[in-house]
Amino acid sequence: MSAKLTVGEIVDFLDEVFPQARGLFVIEEVGPLRARVRMPIDEQHLRPGGTVSGPAMFWLADCAFYVAVLASIGREAQAVTSNMNINFMRRPAHCDLIGDARILKLGRRLAVGDVTLWSEGMEQPVAHATTTYAIP
Amino acid sequence: MSAKLTVGEIVDFLDEVFPQARGLFVIEEVGPLRARVRMPIDEQHLRPGGTVSGPAMFWLADCAFYVAVLASIGREAQAVTSNMNINFMRRPAHCDLIGDARILKLGRRLAVGDVTLWSEGMEQPVAHATTTYAIP
Amino acid sequence: MSAKLTVGEIVDFLDEVFPQARGLFVIEEVGPLRARVRMPIDEQHLRPGGTVSGPAMFWLADCAFYVAVLASIGREAQAVTSNMNINFMRRPAHCDLIGDARILKLGRRLAVGDVTLWSEGMEQPVAHATTTYAIP
Amino acid sequence: MSAKLTVGEIVDFLDEVFPQARGLFVIEEVGPLRARVRMPIDEQHLRPGGTVSGPAMFWLADCAFYVAVLASIGREAQAVTSNMNINFMRRPAHCDLIGDARILKLGRRLAVGDVTLWSEGMEQPVAHATTTYAIP
């Protein structure tokens, strides 16, 4: 099994269907059933103490998993998150955040998997999410 | 048991510690172990099809629960989300979203509860979240 | 909307399809989109300190939600749990446990809802679960 | 970092504090921040169609994570599950189930991690759980 879309094809697709997110995420790699996405940090993501906020981490987890789904099933704007469970484990550093998404089950109607979030350069993950996407 | 802070006191506190969120949420009511918060919808929250995005709903759930915690324990900027599990159940309408937060357990170190999210005027909830906050 | 099956009909159905669970649970009430189920405590459910174990509480939550699904859609042995998220909040008392299940969304393919677990006679819940069932 | 207890020491400890679980699980390996536990299948774990029940899978996930915690912190009967989120992804085979637990964060008060469940000999996992343990 190989990825159905390249990084460039996914970027084009996202620019088209989510124009408001342009520039917020950088897709670093995709493969069959996985993706790595970077979120460059700017002020809008921060909370008191200078760390990345929970909603920003949720957003990165959601985006990274969506990219893994697109890489696995092709262009499908209507795939939507039906469940996300996220554990916040460590205070993120004040630097870019990386999301590593992995699909554990790709069914006809559901994709299930997890996303591990890292502050760039830290050895330990800052958050871990499991998620289910509904595929129309 | 009564709320430790009024709506006005919580608004002042949030403006001070989360200035970047000013104007994004409206606290409608607080009580002992509960809060209702409104998120006026604007373009930044939307995804294809004109519905509210998952990260925006996560943000509202997180904010509503944080307000319920503040109402219950007083001014505490460092209370942080440690877990959030959210089920997206229906497509939100293109209108304001309401979050009803309820604390089920208020311990010394953890607060556990849930948040039901509604599109204003709809009878059925659009999402439901359970969450745990760590209290320092 | 009224319940599609009575308590007696659900008991008969469960005895037929889950004979090994006979006598472990008592269905107290069912209604449209909800059910209340009691788990009489015996030694097999206990963990050190005499409290009900986590797996036993999971089992009650799962059973109560399944009963609510049966009450809502009728005899369907193949409805299965696809997700369960459970927060254990307080030490249960050494007495019967009650599970109150509520369906928040009943779709054609999924039922989503929550279950609150009580030790009989306690005012505060001991655990809270959210769950998704897949309907074949 | 090495494991604080050997497999034999953990077995002795569990026999002492959870005598009612004796013989239900086989600890296959422990290491720093991880454990592998086998659940031999017998009739009590089955549901209609001959597959392993959800509560039995929950029990294995909970046990495997508890063993990983014991291996990491030593003899501590009072460590308890505070949250478990489990996704059931595939129908288990009618054979032994294996749980691979991994601790992602070991704090002073909380351990957070995940457990992947496999039917012996299957390539794809049957379930995936994330869990938080409270450490007294």
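Going by the order they are written in, the chains are A, B, C and D; count residues from 1 in each one.
Operating definition for what follows: a contact is a pair of C-beta atoms (placed from the backbone, for glycine too) under 8 Å apart; a residue touches a chain by one contact, two chains touch by 3 or more.
All values reported here derive from a predicted model rather than from experimental measurement.
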Most remote chain, CA-based centroid, reference being subunit D: B
C-D or B-C, whichever has more C-beta pairs in contact: C-D
Length of the line joining the C-alpha centres of subunit C and subunit D, rounded to whole Å: 23
Inter-chain centre distance, subunit B versus subunit D - centres from mean C-alpha coordinates, in Å: 34
Euclidean distance of C-alpha centroids - subunit B vs subunit C, Å: 28
Where subunit B touches two or more other chains, by residue: 82-83, 85, 87, 132
List of subunit B residues in touch with subunit A within their complex: 17-18, 20, 43-44, 46-49, 54-55, 58-59, 62, 77-78, 80-88
Residues on subunit A engaged by subunit C in the complex (per definition of touch): 82-83, 85, 109-110, 132
Complex contacts: residues of subunit B adjacent to subunit C: 85, 87, 89-90, 104-105, 112, 114, 116, 124-125, 128, 130, 132
